[in-house]
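For reference, the structures are reproduced in the following blocks.
Next, two complexes with chain A in common: one pairs it with chain B, the other with chain C.
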Partner chain A sequence: MAALTPISRTPVSFYIPVVALAGAVAGLLVGTSQGSSFIGVVIGAISMSLIAFGMTHVSSPEKTLRWALLIAFAVAGYLFAKLPGLVIGTAFGWFFGWFTYWLYEGRYRARLAPYLTPNQVLWHFTFRVICGVIFGFLITPILVVLPLSFNAEDFFTFTPEMLRFDPAGYSLKHYRDFLTNEDWQSSLRNSLMIAPMATLLSVSFGTLAAIGLSQQHMPFRRAIMAVLISPMIVPLIISAAGMYFFYSRVGLQGTYFGVVLAHAALGIPFVIITVTATLVGFDNSLVRAAANMGANPVTTFFRVQMPLILPGVISGGLFAFITSFDEVVVVLFVGSAGQKTLPWQMFTGLREQISPTILAVATILVIVSICLLTVVELLRRRSERLRGMSPS
Partner chain B sequence: MKLTTTLVVSSAMALATGFANAADMADEMTIVSWGGAYTDSQQNAYHTPYSEMTGVDIINDASSNEAVAKLRAMNEAGNVTWDVVDVVAADAMRLCDEGLALEIDFDTQLAAAPDGTSATDDFGDLLVSDCFIPQIVYSTTFGYRTDMVGDTPPTDICAVFDLETYPGKRSLEKRPINNMEWALLCDGVAKADVYDVLETPEGQERALAKLDTIKDSVIWWSAGADTPQLLADEEVIMGSTYNGRLFSLIEEQNQPVAMLWDAQVYDLDGWIIPAGLSPEREARALDYIMFATDTQRLADQAKYISYGPARASSAPLVGKHAELGIDMAPHMPTDPNNAKNTFLYNYEFWADYRDDIDAKFQAWLAK
Partner chain C sequence: MSDTTNSGPVLAADGTPLKRSLARALRTQKLRALALVAPLLIFVLITFLAPIADMLFRSVENDIVRKTLPKTVAALSTWDPNSGELPDEAVYAALADDLKVAVAEKDHTKLGSRLNYELTGASSLFRKSGRKVKKWDLETDGPFKEKFIELHEGWGELPIWQTIKIYSPKYTSGYFLNAVDLKKGLDGIESRPENEQIYWLLFKRTMFMSMVITISCIMLGYPVAWILANLPMRTSNLLMILVLLPFWTSLLVRTSAWKVMLQQQGVINDTLVWLGLVGDADRLTMINNQFGTIVAMTHILLPFMILPMYSVMQTIPETYLRAAKSLGATNWTAFWRVYFPQSVPGIGAGSILVFILSIGYYITPEIVGGNTGTFISNRIAFHISSSLNWGLGAALGAILLLVVLLLYWAYDQIVGIDNVKLGG
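For the complex of A and B:
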């Protein structure tokens, strides 16, 4: 994007405090890891403002100075903490070089509309920082798990070898354990047998229910909707205990079919909600038109209605699948050891022996989920493009 | 039409053969235990040989933690799905009192020792309940990081309360049992008087006051795997857990940790058979128990995990670790070198006072 606004250099009283603030945040991170956050903040703020002041008041070109800063930080980091220090130092050196000139030259203003007031500019960047922080907050727990799953030891610990990036600190043994251990393999098999079946039931029943409930002449619509949605609202442990006693009476407790039914009940609300949402945009005159041309209701459903609400059905099905695949409370009650699913195995594994195999499994599941969501999103875009619903 | 007939006939035949087997003994059983290395040791020592001998399918369920609650629910629902359950002695006593566990006639339903000693004499004092067949003696004891204690490794339990010599966090189990005894012992109460003092409200206050001196330095654990993780992380300098967990941490994971056996508290773990099984499943469970608690089998389990066999006749048969090849006897909580100062979990005392002291302990924790 080309510059929208002509830019000019900013005064010292503007860019030095902002760089000092960023330095304080960086100092807080480093200081906390070294034991004193306060000293970190002070040193970070002072040193970064001095460096920024120095860089903008010597006559060397920007490029040279930024490279010099990057190398200086990298060397300092390496002397301080070897390889990890080098990485962090390089990152900091690059960031502060860029940040200082970004502010000093007024580049931050270039891509914003010229009529924005300073407050609006401030909010524009504050908003991005807040979004970034929330994103970091959500993603960090997952990112921590990934390297730990390659731990060479049997604990949830970043060993000194791992922090030094020593290959001896890493191993694939937890992945090997997952792939060879009969406990994990049988629970994976169970999960893969239960989840698709439960999804199939949820999608069939949920879609039919949503279509029925969106008919204007349906009596007691709200009450029926509330009942069908209730597994999502009632605390899971209550549903689970209720199912346990009921299924025990009718002989379904501890059977494959019982777990599938229970998971289907949990998945149906998701399907109903997503399908109902897509049905809001569905034009009922299409159904009447199909009927007018002699199609019976079943044909109408599969040829006219289903293709149009398919995105809602698929995303509902995906939610139902993930619900069943992630579910641990209900299966603990309704299942028996013969239906031990992956989350159940992870739950007992976490409680009885804190083994990084759980992290290896978690990593695999995260990657599978990402692939699954990507595929669905690509398919959705493709179908929208084919039907000309989107300009892209 | 033909297909339907075939289906009906074949399923009827399948059912008939199923019943024919069932009339004798069930050919599948669910055994509930603690999971992890402990279930593995049982798998190696008991389940695999039993399956090979009889062809029975054994399903492991790691639900011993919630065994009491689940057995109650199963009983209420009239649908007992477990055949043999591994529980600690205190849980077995509760289950027995509530009629949820089968009473065992030890002399006729358990194997005698090879020299002919009856099971009752062989297990001796460890038969603490009519429903409970002891399997192992384990202890709750402390491990400490050898690289964090300087030149003076701790030798007695009061090191836990000594923040000056051993500064740093320690991990204790989040319940009063054991912690109260250790606190009183280190507050100058003689070992013989500990439970007399702990009976009185003043004594309970005294124990909590002693624990209060280290409260800020305690990380409370509730799963046996927590303390090994905390020790490996250098989060704590010392912590209590089950001795088998510490053995695995020291010998299998090679962590710089050593045992502090002083004032270890023995407890028993063993089998119960749930009440309300069908006759064929009950027969199968009893047959399994007879096999799994004989002298040789109990000694075999000690090859895989450092818990002491409950039979006196098994002790001389304890050999080397199956994979590490080290002598297991010195790692047993019952080894004379480790057993200089020990407690036995006081079942009667804690049955009477547990609820009361638990409430006080939880209130103190929340303060």
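For the complex of A and C:
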């Protein structure tokens, strides 16, 4: 976006206090960890305002000064607390250099509408900080797990060696454990046997049904839809309890086939939702055109309809796969020890808190979900492009 | 049409009346659509709806008393439980007869544990009696009344007989009454003793905590949905990843992450101690209580709140707010009177979804909830896998299911099932 508002340098009475405030907060953090918050606040505020005043009153160009500040802070941090200090110092140095000039040159105003009052500008940035904190809340737990899985100790927390970035504090032993431990390997095998079968079942039934549901003259659509979506809405513990009772009556409890059926039922709503969403953009005259040219319904389905709705079908299938792959409640009840899946193994591990191997598995699963997320997003874009081709 | 002057019906090409021909074509289309849906419908019926129906059936089924003690139940039909007198010799003789059969089939212990849910001590009474009765001779060893009372004084007291009488019908509301801390007494329904009342408390706690979780999701989700809807497309797509990544990450991964964060030697406590905000000796207890459950579940369900809100907010034109301000509204008025009412459907959709999902949660409360942060689902699981009181578990499940279905219906009315969206 181009600059909305002409910007000008701000007076000393504005930017110095703000930088001092930020310096006070930083000083508070450093001060408390060193034992005295009050001294930290005072030193932080005074030193940051002096630095800001100095930087804006020296004739050297901005870039040089900011680099100088960054390096000075990094060195100070390293001398003070070795590697972690270096990281924190670099971050602080970069931030204060950027922050000082951002305020001093009035850049913060550039992208905002010119008629905003100072209070509105303040609120605008406060709001962004709040949102940033919430995004942090969303992502931090996942980010914390990643480094902890390389822990050399059997702890669920950061050791002093890890915080010093000492290579001795890190190891791949939890990954090794995952790859060699028979419990984990057999549960991985079970998961990989159950999930694809369940996906196949829910995708094949679900796609057919979604096509039926998208027909113009479908009777009782709302009621049927409500029934088909219900496995997603009914609490898992209730589904699990019911399946446990019923499947043990018919002899499916504790069998591979029983778990596959149960997981297929749970995956169906996701297939229905994604495929019907794709079919909304499907142009039905294409089917009529194909029939007009002599194609039978099966050919029409596989040569005309299927390629167009394939992205939706695949992302529905991915949802169904991840549902089965992540599912633990139903398999706990319907399965027996022979069907112990990866989530089940993790659940037992978490309850008894045996080893951080769970964190290694968690990291692997996070990477798998990043891959899946990417695939679904690409498919969604492709589906939108394909739909753009049809004249509707 | 005014220019159709023909008197007869309009005919199709093959000579049948057009109306009938069209109706037939329509019927074929409907049948074809139904035929496409039918396999899945049958599949869901067998694998999902039948189990639910089975669970509902088990919550009222009470065949065991009648099946194990058929003669006793018949003999008891003339006995008045309010009379204050023990049943007569015929009933005891019938009991001896029934128990002999039951012991041979090993059914008497099952019956004992069933009746133990209603009357403490019934289990051991039946186990002890079974061992002795096995050796009795039905022809010669009478009269049985004295023998039974001699065997165990429980048989000489009224409660066991009253319990057998009350639970002799084929179906019972006993499990449901039990699930709301009531029980069947002689004169109808009465409440359980204070120290046995746990389910009502659990239901209240489940509702309360789901409410807190929903409200915190609204508070946290609203700003995020707003900023996603109002930023330029490129930036908001990037930020969307931060919402979708937790959404796609395995539930157990997120739960284990919270365990790592919240425990006493965990990341948050370590950070606080390092910063000097809490002393090393008095680290905060944030796990195995309600706080842990609420924080972890808010995080887990937050994407379900943000996504519906975002899709509603995307459709609200930015210009409305500017128009309101240019007409003299303050920031707050413009937001509260113009923007907020239009975003309410998103809040409604997200809240119902989050609330439905949270009242049925099992895994997360089980791992981070401890004793005070567990939900009704944990109790259901306990009854099905540990205490084996399946009827009570099923009754608790049926009540929970009823609540969820009511909310589901409301969701359908407000949002429409067809409008459910999944992640962007």
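Here is the rule we go by: the second predicted complex is superposed on the first by the 287 of 392 C-alpha atoms of A that agree within 3 Å, B and C clash if a C-alpha of one lies under 4 Å from a C-alpha of the other, contacts with A are read in each partner's own complex, and residues count from 1 in each chain.
Quick note on the criterion: a contact is a pair of C-beta atoms (placed from the backbone, for glycine too) under 8 Å apart; a residue touches a chain by one contact, two chains touch by 3 or more.
Since this is a predicted model, take the numbers as computed values, not measurements.
Asks: Check the residue A:Q253 against both partner chains and state whether it touches chain B (first), chain C (second), both, or neither.
Replies: In the superposition, A:Q253 contacts chain B only.
Asks: Per the overlay, which chain contacts more chain A residues, chain B or chain C?
Replies: Answer, by number of touched residues of chain A: C.
Asks: Could you say whether A:L200 touches chain B, chain C, both of them, or neither, answering first, second, both or neither?
Replies: The answer is neither, since A:L200 touches no partner chain.
Asks: Report for A:L21: first if it touches chain B alone, second if chain C alone, otherwise both or neither.
Replies: neither
Asks: Pick one for A:A291: touches chain B only (first), chain C only (second), both, or neither.
Replies: neither
Asks: Figure out whether A:F156 sits in contact with chain B (first) or chain C (second), or with both, or with neither.
Replies: Both partners, chain B and chain C.
Asks: So, A:R351: does it touch chain B (first), chain C (second), both, or neither?
Replies: In the superposed model, A:R351 contacts both chain B and chain C.
Asks: In the superposed arrangement, which partner chain does A:F270 touch: chain B (first), chain C (second), both, or neither?
Replies: A:F270 sits against chain C, while chain B stays out of touch.
Asks: When the two structures are overlaid on chain A, which partner does A:A337 contact: first (chain B), second (chain C), both, or neither?
Replies: Once the two structures are laid over each other on A, A:A337 reaches chain B alone.
Asks: Could you tell me which stretches of chain A are touched by chain B in one complex and by chain C in the other?
Replies: 155-157, 241, 244-245, 249, 351
Asks: Quick check on the complex: what are the chain C residues that touch chain A?
Replies: Within the complex, chain C touches chain A at residues 26, 29-30, 32-37, 39-41, 43-44, 47-55, 58, 220, 223-224, 227, 232, 239, 241-246, 248-261, 263, 265-267, 270, 274-277, 299, 302-303, 331, 356, 359-363, 366-367, 377, 380-381, 384-385, 390, 393-394, 397, 400-401, 404, 408, 411-412, 417-418, 420-424.
Asks: With touch defined as at the start, can you tell me which chain A residues reach chain C in the complex?
Replies: 1, 29, 32-33, 35, 37, 120, 123, 127-128, 130-131, 134-135, 137-142, 144-145, 148, 155-158, 201, 205-206, 208-209, 211-213, 215-219, 222, 224-231, 233-247, 249, 261-262, 264-265, 268, 270, 273-274, 276-277, 319, 322, 325-326, 328-329, 332-333, 343, 346-347, 350-351, 358-359, 362, 365-366, 369-370, 372-373, 376-377, 380
Asks: So in the complex, the part of chain A that touches chain B is made up of which residues?
Replies: 153-157, 183, 241, 244-245, 248-249, 253-254, 336-338, 340, 348-349, 351-354
Asks: Would you tell me which residues of chain B are touching chain A in their complex?
Replies: 30, 32, 34-38, 59-63, 65, 73-74, 76-79, 81, 223-226, 228-229, 232-233, 253
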